[in-house]
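A short write-up of the structure that comes next.
Chain lettering (A, B, C and D) follows the sequence in which the chains are written, and residue indices restart at 1 in each chain.
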Amino acid sequence: MSVFSVLPTPFDTRGEFDPDSLRRVIDLFVADGVSGFTALGVTSEVGRMTDDERDRVLDVVMRHVNGRVPVVAGTTAEGLGTCIHYTRRAKAAGAASVMISPPRMPKLNSDAVARHFAEVAAAVDIPIVVQDYPPISGFAMEPALLARIAREVPAARTIKLEDPPTPFKTARILERAEGLEVKILGGLGGVFLLEELMAGAHGAMTGFAFPALLVRVVSLFREGRMDEAADAFYRSVPLMRFEFQEGIGMAIRKEVLRRRGAIASASIRPPGGTLDQSTLAALDRVMDWVLQTH
Amino acid sequence: MSVFSVLPTPFDTRGEFDPDSLRRVIDLFVADGVSGFTALGVTSEVGRMTDDERDRVLDVVMRHVNGRVPVVAGTTAEGLGTCIHYTRRAKAAGAASVMISPPRMPKLNSDAVARHFAEVAAAVDIPIVVQDYPPISGFAMEPALLARIAREVPAARTIKLEDPPTPFKTARILERAEGLEVKILGGLGGVFLLEELMAGAHGAMTGFAFPALLVRVVSLFREGRMDEAADAFYRSVPLMRFEFQEGIGMAIRKEVLRRRGAIASASIRPPGGTLDQSTLAALDRVMDWVLQTH
Amino acid sequence: MSVFSVLPTPFDTRGEFDPDSLRRVIDLFVADGVSGFTALGVTSEVGRMTDDERDRVLDVVMRHVNGRVPVVAGTTAEGLGTCIHYTRRAKAAGAASVMISPPRMPKLNSDAVARHFAEVAAAVDIPIVVQDYPPISGFAMEPALLARIAREVPAARTIKLEDPPTPFKTARILERAEGLEVKILGGLGGVFLLEELMAGAHGAMTGFAFPALLVRVVSLFREGRMDEAADAFYRSVPLMRFEFQEGIGMAIRKEVLRRRGAIASASIRPPGGTLDQSTLAALDRVMDWVLQTH
Amino acid sequence: MSVFSVLPTPFDTRGEFDPDSLRRVIDLFVADGVSGFTALGVTSEVGRMTDDERDRVLDVVMRHVNGRVPVVAGTTAEGLGTCIHYTRRAKAAGAASVMISPPRMPKLNSDAVARHFAEVAAAVDIPIVVQDYPPISGFAMEPALLARIAREVPAARTIKLEDPPTPFKTARILERAEGLEVKILGGLGGVFLLEELMAGAHGAMTGFAFPALLVRVVSLFREGRMDEAADAFYRSVPLMRFEFQEGIGMAIRKEVLRRRGAIASASIRPPGGTLDQSTLAALDRVMDWVLQTH
């Protein structure tokens, strides 16, 4: 069973990192039954942190998780050297693996992407989760490239897949990577989790604010209780979809976690989107419906 | 009450237009209670038709609808002249209004977009639905631009909104367009319909293959029966979301319409995506669940 | 020696096709020594024409060229069926070959692109020029894909290359396509012609308004007179670069052809860019300099 | 007279920062007559540096320039807080101003961009150069937005313009910003410098490896010696254009600086492009031609 929660980075109303809130999120998600955590991911707002802040956040995560579950650390960077630097720090901090997107760069190509993963793997001995999220990296990795990376870089055989249609692409990647032990974890807020599992995915890695719902779907699915898994999933989808809105998704997710009592402020670092009354009212409604039907 | 269905264009297995299937879709959707139709939209695969085929499809639609409900005809084109040409044809064929995206062009800007709508409106006396779907036009229209178009071009005060987050953007457009009678119709397969309505949208314009579900949500919402509207909507979302998958969405939609007995073949014109077994199995399951819970 | 001129489509001030001006351009370019023509290209404003206009323009070109040099016809389309339809028309009209970009489509991938070219080639027996111009097609073809197309589709072994850096990519494609008779023609307004030739390109296919300058560079290069080729090229570059400006390039090109006496009006179909006084003054200056130094 | 050189960051063959080479570049460019420097720009490979490296590079620049000319420091960041943090450091280090692009973010809009500049200006009292380079920021700022920023944020009235067609856009911005003291500096490797000046630009800010050529063009232009300015410019264009190639431009620029004796190694940090034999041979030729004709 594999549900990794991407951790948000809580900030107070002045935008400063709030470690107590982060600790509460960790405890809440452990209680929800997650298999592991991902820190310093895109939705952790890692792009809006300095290097010192990255170190500090990862340190809080590692100490507070304290071995209860494994931690994946995001170490994506535009430069190979910086990526290796972040990866070394992650390993030194105790991360079980790292998550890496292709480096952002004009005129990037498949060979350069494969080489990037190979060189990180050669420099640091740690498993790599390949993140396939084209809106962030600006580069779409075709199934053949993901299979090639899995073949050429044995450390990089887990994929966090966020390039829709993810169930369809899951099947295509597994075809291309036949014979290799490739593990695919669906992202996209869990919105296609059931279908990803049906296509052969291993689990989920996403920041959805009620990971217990993801855990339940994956557990039922693994036990072969398909009708129950599907029912649990479909009843969760309205909230997953609502939370996973472009531009304001992270603000919604933090608001949910604030309502769950985990974080003190739902603040997003600017220029991140803030919520309006209509969105908050819609959130009230969909949360009520989803929670009462479970 | 306003639910417009974007009509698919059925093709036989050799890729030829199948007018009988189109007529059956029209009858099915009229029975489902739609307020109108949109022909020659993006999901009608209009981009894969010759000009002669466009004419033929629109002709079949107009004759078979035969005034039962109004018809909107897509007339988007890269050139102003071609857009006016299509718009004239649509009007001559009896379309109630036309739907137009910004013209695709490198270095397009807000002034050129506003001028484009103004010049079409000056050339042809017919209401215009402004389509805001950035992945197709390559241009993101900000709320201020949509409000400006509504102000400067009185014929262009209906917006088919497909730039997420659509509920949030709905509210922003209505703020900017205060005092103008702007009508917003949500697209995106209906996936955010309830929240769009809560934010002030007028209805929906999308190709979702069970428009009765959209009609029910909008009707209940208009009657102020919010809990029922929300319940009906949330129970439909799993299917809406599944149908509205990038790259294979149109193939799924046609498969649903085939299962509903409306179209003879679910064929998509190449290079459109085709479905795999895993997707078909997932469709079985989600259709069953959604239909049985209604 | 291979310099193909992409023909502009002259329009009068009301935006109507002006066949007399087109005939004068053809005669001027034949006198300039071009090896062939390309009609209905991107810079022919083909995107702003109806199907009837396409037919009419191609007809004028074929009749007026009248076998003096070969003609390539652009037949790019979003749908395979439409592309085959255009290709058949081009062949019937007497075109020597057709030029095709990947079909525009969300989530396009390498396999679908290769299949598209293979299916056009299977349907119509005519040589295909593969156009590699990512800003138009929205898809970047890597050297390995271009080599694969050349290998799998023998009819498609000429490439109009417009994905910078074109000299570098020329070398990479030729490496990958070793053993195949791949011919690369540089586009991009001729701005990198010398370097493309040095990297192994066969010639140029572009709309630069003084094709005699391109012809001279290629001829001197073929004769091994490198210093003269380079000198001729470098002295032309200021004008090539100026003409090839994003968004207003076609307007500049038509203005040059108007000044050369070939076309009656420099009109671009809207929403194409129009020139301002500063651009016209800069054009005066660079034309004077380039023409007087040759 | 205003020619700012964007400084490369020299690395040794192992990818480590080479401060001695950077000092030699500074001295060479001061001797070439530049009016100032820009450190930590895009072409300084700032995206491939850690925060510590940024600090170290800026420190070397400030100490070695030692007040001979003003220094602009790049402080672009995805987060407002990080941008302010970098800006404070730049000011503390002695930078005369900072250069900032819009923050990279999905669903960014004009209001958020204007607010970003306003908030940085409110937080730190230092002049801001607004960088308009859409391929990097992912956001195209229209002339009206650039004029709005200049109006609302008096500290942000200098623009590094790199959104082609730059001469045309220069004129449009100056029209919109009438009455404000907006200064436009052309980027894009100097390839349109003359035309930018003719359209009203104030000077250039670019990393071209022979800034003396830029200085000469701007000086002659300012003295009203237009024919000489144009002649000097056109004779430089072949090299400017060659150096400014997408994907490999920085590698070419460093190779030129190596040949000029300034930097010990032309190494680019991976995944940056490396040069092939054909590119090196073409560089030999164009350097010879440009240097001998001046």
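A few points about this structure:
The rule we apply is simple: a contact is a pair of C-beta atoms (placed from the backbone, for glycine too) under 8 Å apart; a residue touches a chain by one contact, two chains touch by 3 or more.
Here the structure is a predicted model, which means the values were calculated and not measured.
Just to note, of A-D and A-C, the chains joined by more C-beta pairs in contact are A-D. The copies chain C and chain D differ by a rotation of 180 degrees on their C-alpha atoms, rounded to the nearest 5.
Both chain B and chain C derive from one sequence, and where they touch, over half of the residue numbers involved are common to the two copies. Taking the mean of the C-alpha atoms as each chain's centre, chain C and chain D sit 32 Å apart. Rounded to whole angstrom, the centroid-to-centroid distance between chain A and chain D, based on C-alpha atoms, equals 36 Å. Chain geometry summary: the mean Cα position of chain A and that of chain C are 45 Å apart. For chain D, the set of residues that touch two or more other chains comprises 107, 164-165, 246-247, 273.
If each chain is drawn as a node and touching chains are joined, the picture has every node linked to every other. Partner chain A is touched in their complex by these residues of chain B: 164-165, 167-168, 170-171, 191-192, 194-195, 198-200, 226, 230-231, 233-234, 237-238, 241-242, 245-248, 273, 276, 278-279, 281-282, 285-286, 289-290.
Residues 15, 45, 47-52, 77-82, 85, 103-108, 112, 115-116, 119, 135, 246-247, 269-273 of chain C are the ones touching chain B in the complex.
Contact residues on chain D toward chain B in their complex (touch as defined above): 107, 109-110, 140, 142, 144, 164-165.
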